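Data block below; observations after.
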Amino acid sequence: MNHGALIFLSAFVTIAFSWAGLVMTPQLQLGRLEPVPQPAPQPDYPTARPGLAQQGLQVYRSMGCAECHTQQVRPEGDVERGWGQRRTVAQDYLADRPLLVGSLRLGPDLANFGVREAGRFAVPWKYATETNHLEETEAWLYRHLYQPRGQAPRSIMPSYAFLFERRPIRPGQSADAMALRVEEGQGGRWPEQVVPGPKARALVAYLMSLRADAPVFEAPLPGAAEAAAKQSATNAPAGGTTNQVSAPISTNTVSP
Amino acid sequence: MSDSLSTPRQPLNPAQVDGASRWPVLWMLVKAAGWLAIGLGLSVWGWGRLLYPEEVGTAAWATYGRLWPAAQHVLFYGFATQAGATLGLWMLARLSGVALQQRWLVFLGGILWNLGVFLGVLGILFGDGSGYVLWQAPLYGSGVMWAGVAAFCASAWFTFQQRRRAEVYPSQWWTMAGLFWLFWLMSIGVVLLHCAPPRGVMQVVVSTWLANNLLMLWLTSAGLAALFYFVPRWSGRPLHSVAMSKMVFWVVATVGTAGGFHFGMPVPRWLPAVSAVADLMVLVAVLALALNIHRTMGGQYGGMWRQPGFLLTLFGALMWMLVLVLQAVLSRPALQDVVNLTFLTAGRSSLWLLGFALPVMAGAMMYVVPRLATGQEGCNCAKSRAVAAGLMIGAVLWMAGLLWAGNAQANALADWRTPFMQSLAAALPGMKLAGLGLLAILVSGVVMTGALIWMGCGALWATLRGTVVADRVATAEEVVA
Amino acid sequence: MRNPTPAELRPLPEDSEPQAGTAPTPMWLVGLLGLLFYVATMSLDKQAGRFNPRVYTPYASFEKVEAANPKPATDPLFEKGRGVYLTYCASCHQADGLGSPIQAPPLAGSDWVLAEHPNRIIRIVLNGMAGPITVSGKSYTFNNVMLPWKDTLNDEQIAAVLTYIRMNKAWGNQASPVRPEQVAPIRKATAGRDTNWTQEELLKIALGAE
C-alpha cells in the first residue's frame, strides 16, 4: 500500500472539505453582498469611510485596539446596554479592510461609538452644552486617549499620550481649540500645549464614524414590524419603514 | 512516486539516524528554545502592562495591544511550530529508519523560518500587526516563514519516501499530515489575509477558520505526533492501538476543523451552529486518545514521576483533553450569549500554547536535545524536575486564572443592568492569578532554555575541537544515506 | 531499593523504536461517534436556520426574520418615487404637493394626476410642459416651463415618481401605480419630440392611448 499517497490524500481531502464547507460556502453566500438601499434620500448603507477615518482604521489596527475592544453588537444584552440599536450583521462591515471585530471585551463595544450618548458610556458623563454634542464627544475621546484613568479611574486602557504632540504657543498665538493641556513656560520659555497628533486625529475620526444602526432585513429594529402594521391602518403618510433613522450626520467630524 | 520498498534496505539504527539529523535538529530546537524565552518574556511584560497600566509616558511598542500579539506570534511560530516541525522531522527520520533527507532544505527552512519570525515580531511591535488572531505578522514576516515551511515539507516528503520500514507508525502520518496542513493554512493566510483580502465579514470568516485550524489541525498534529512517540518510548510498552490512533486522526481531521465560530459573531447562524456540533463530536477523539494512553501505560503511572520529560508529556496530553472538553462545554448555544467575548473563549489560543504545546514540546526536547548533543538521555536531576514542576504549575495557574476571570466577567456581563466597569473589576483577581502562572512558566522556561542552549553550544564546541562526543551518536560520515 | 517489577515503566532501550499495537477500536466508541452524529443533526435542525445566509440569531428561521420585518405598506416603487420626487420635483411642486403660484401647479387632488390612465402625465414628465394649464377647475399661468426629464430619469424612476404622486395618501391621492412597462412605449413613441407639451396637445391624446 502506498502509504505516502494515502496520507497525502487523507490530509488533502479533509482540509479541502473543511475549506469548501466553511470558507467557500460562506464566500458564495456573503461574498457578493451589496450595500443595502435605504429610505430616500439616504445613500445605500454602508458608505465608504471618509479618508481620515480610513487612516484611523489603520491606526486602530496598528495599536492593537482589537485586543480589548470589540465591534460586534450581539442580540442579547448589548442593545439594552446602549451599544447599538440592533445586532450587527454582514452588511455592516462591507466598507472595512482590515476588519477587526475583536474577541475580548476588556473595554466597551465600539460598533456604534459614533452615535453613542454620553449617558450610555461605560463611565457615564453629561453633555455641557445642548448643541455641541459631537465636539464634546471628540474632546472626551482625546482626553481618554491621552489619559484613560482621568475619565474612568478603574480602566486598564493604556495611555496613548505618544499620539499627542507638544507644541509651543508663540507670542500672539492662542492655544489650539483641541489642546488638552496648556503649560506655562518656565524660565522664560514659551508656554506649551499638548495637541492631538495626526494619528490621534485620524483615530478619533474613525471612531466617530462608527455606527451600525441603519435598518437591514437581517436585523430589524425591535418593534418595527408591529409599528408598521399599526401605521398602515391609519391615514398617516403611507409606505416605507417606520424605523427611526436619524438624518445622516457628516461622518467627517474632526474639527479643522 | 512509488515507495522505496521494492529493494528493501536495512533500517539504520537510531544512532546513525541521529548522527545525520543532529545539526539541523539541534540548531532549530535551540532556536525554538530561545524564542520560547523571548515569547514568555514578552507575555509577562504585556500581561503586566495589562494589569498595571502605566501613566503617561509609555512608548507605542510597549503597550499591551502590541506586546501581547507579538508574544503570541513568537510563542506560536517561533517556539511551538518550530519545535513541532523539527521534532516531527526527527521522529520521521527515526521511525523511517533513514537519515533525514535533503538536510540542506531543513537548514534553509530554518534560516527562513527564524528570519520570518524575527521580522514578524519587529513588525508587530512597530505597528504593522494585522490584528488577526494567530496571524499577526505582516506579510514580510509571514511570507518568509511560509517559504521556510515549504522547505520543511519537502524534506519530510523525501524522508518518508526513502523509508526503510514497512510499517508506518502513527507519529509519521501525524507529522506528514500536520506539515501539509500547516503549509495549506499558511498559504491561506498569506493569500487571503494579506495579499487579497475578501470583502467585508468574509475576512472574519477566513481568520476564524484559520486560527481554529492552526490549533486543531497543526498544533494537534505536532503535539500528538510527539505524544504517540514518547509515551511508548518512556513507558517501554508498545502503543496500545493503531486503530484508535487512526480514529483520533479522522475525527480531528473531519470534525475538528469546523470549530471556532461563536454565536453572536456577525455571521449567519449556521456557522456557529456547525462549530457547536463539531466541538461536541471532537470529544470522541478525546476519549479515544485517553483510552489509548491509559491502556498503553497499562494503568501504571508510577514510573512517570522519575522522568520529568515523561511527566510533562502526559500533562500536555491531559491539558489537550481538558481544553477540548472546555471548548465543548462553552460552545453550547444556550451558554454562548454569556461566555463569549470573555476570557473563557478568548483565552483559547493561550491555553493551547501554554497548556498543551509547551509541556509536550518541552518534554520531548528534554529527551531529544541531550540525546543529540551529548548522546545521553535526559537526566532526572533537580533542574529538570523543577522546570517540569514550574511549567505544570504555571499552566494550571494560568488556566485557573483565566477561567476565574472569564467566569467573573461572564456573570457580570450577563445582566445588562450591571455596569461594564464592574465586569472588569471582577475579572482582575483572576487575571492576577493567571499572571502568577505566567511568571512561573517564564522562570521555568528560561531555565530550560538556558540548559538547552548550553548543551547545544557544548556540542558545537566539542565538535569543533574534534572531540568525539559519544560513541552512541554516529558522525555524519558513518551514515549510509 | 527494591528491584522494579516488570509492570513498572522503564524507558525503551536506545536501539529500538516504539512499536504499535493492533488492538481494535472499542465498538462503544464507534457507537458513541454515531450517537453524537445523530445529536449533531438534531442540533443543526434547530440551530442552523436551514443554512440560510440571511438568518442571524436570535431568529431561528427565515420565516421569523420576515415576520419581524415591517411590511412595506404600498407598492415598492413608492419609496423610490419619494426619493425621486424630493430630489427633482419638490423644488417646484413643493414637498407637500401643493405647488406654488409662480412655479408649478398642485399635484395633490389634481385631476391630471388622478386620471384613470397615466399616459398623459408620463408624457409631461418625459418632455416637460409649457403654457397655461387647468388643474381640477383652477387655471394657472406660469412664466416658466416644466423641463423635460427624459434624459435625466429612466423608466423606472419615472414610474416610481408617478406611483408616488398618484398613491400619496397624505395628499389625498389614491390612484393606481405606474409600472416601468407603461413608460417604455410612450418614451419610444415620443422619441423624436424635443418640445414641451401644451395643454391642448395633451388633451387631444385619449386617456389610455399609447
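As written, the chain order gives the labels A, B and C, with residue 1 at the start of each chain.
In the analysis below, contacts are C-beta pairs under 8 Å (C-beta built on N, C-alpha and C of every residue); 3 or more make two chains touch, one makes a residue touch a chain.
The structure displayed is predicted, hence computed values, not measured ones.
Undergrad: Once you've mapped the touching chain pairs, tell me: line, ring, star, complete or other?
TA: Complete.
Undergrad: Going by the average position of its CA atoms, which chain sits the greatest distance from chain C?
TA: With centres defined by C-alpha atoms, farthest from chain C sits B.
Undergrad: Comparing chain centres built from Cα atoms against the global Cα centre, which chain wins on proximity?
TA: A
Undergrad: Counting only C-beta pairs in contact, which chains form the busiest pair?
TA: A-B
Undergrad: If you average the Cα atoms of chain B and of chain C to get two centres, how far apart are those centres in Å?
TA: Here the centre of chain C sits 51 Å away from the centre of chain B.
Undergrad: So what's the Cα centroid distance for chain A and chain B, whole Å?
TA: 35
Undergrad: CA centre of chain A versus CA centre of chain C: separation in Å?
TA: Roughly 27 Å separates the two chain centres.
Undergrad: Residue numbers in chain B touching 2 or more other chains?
TA: Correct list: 264, 266-268, 274.
Undergrad: Multi-chain contacts in chain C: which residues touch at least two other chains?
TA: As it turns out, chain C has residues touching two or more other chains at 53-57.
Undergrad: Spell out, as numbers or ranges, the residues of chain A touching 2 or more other chains.
TA: 26, 29-30, 74-76, 87, 89-90 - these are the residues of chain A that touch more than one other chain.
Undergrad: Which of the residues in chain B end up touching chain A in this complex?
TA: 1-3, 49-51, 53-60, 63-66, 68-69, 127-133, 157, 160-161, 168, 172-173, 176-177, 180-181, 184, 188, 197-206, 209, 213, 217, 249-250, 253-254, 257-258, 264-268, 271, 274, 337, 340-343, 345-346, 409, 413-417, 419-421, 423-425, 427
Undergrad: Which of the residues in chain B come into contact with chain C in the complex?
TA: These residues of chain B touch chain C: 13-15, 94-95, 97, 167, 169-171, 228-229, 232-245, 247, 251, 263-264, 266-270, 272-274, 276-277, 280-281, 283-284, 287-288, 291, 295-298, 300, 302-304, 307, 333, 377, 472.
Undergrad: Inside the complex, what are the residues of chain C that reach chain B?
TA: 7-12, 14-26, 29-30, 32-33, 36-37, 39-40, 43-44, 47-57, 59
Undergrad: Over in the complex, which chain A residues touch chain B? Could you list them?
TA: 2-5, 7-8, 10-12, 14-15, 17-19, 21-23, 26-27, 29-31, 33, 61-68, 70, 72, 74-78, 80-81, 87-106, 108, 122-123, 146-149, 152, 154-162
Undergrad: Quick one: which bits of chain C touch chain A in the complex? Just the residue numbers, please.
TA: Those in contact with chain A are residues 53-58, 65, 67-75, 78-80, 82-84, 86-87, 167-170.
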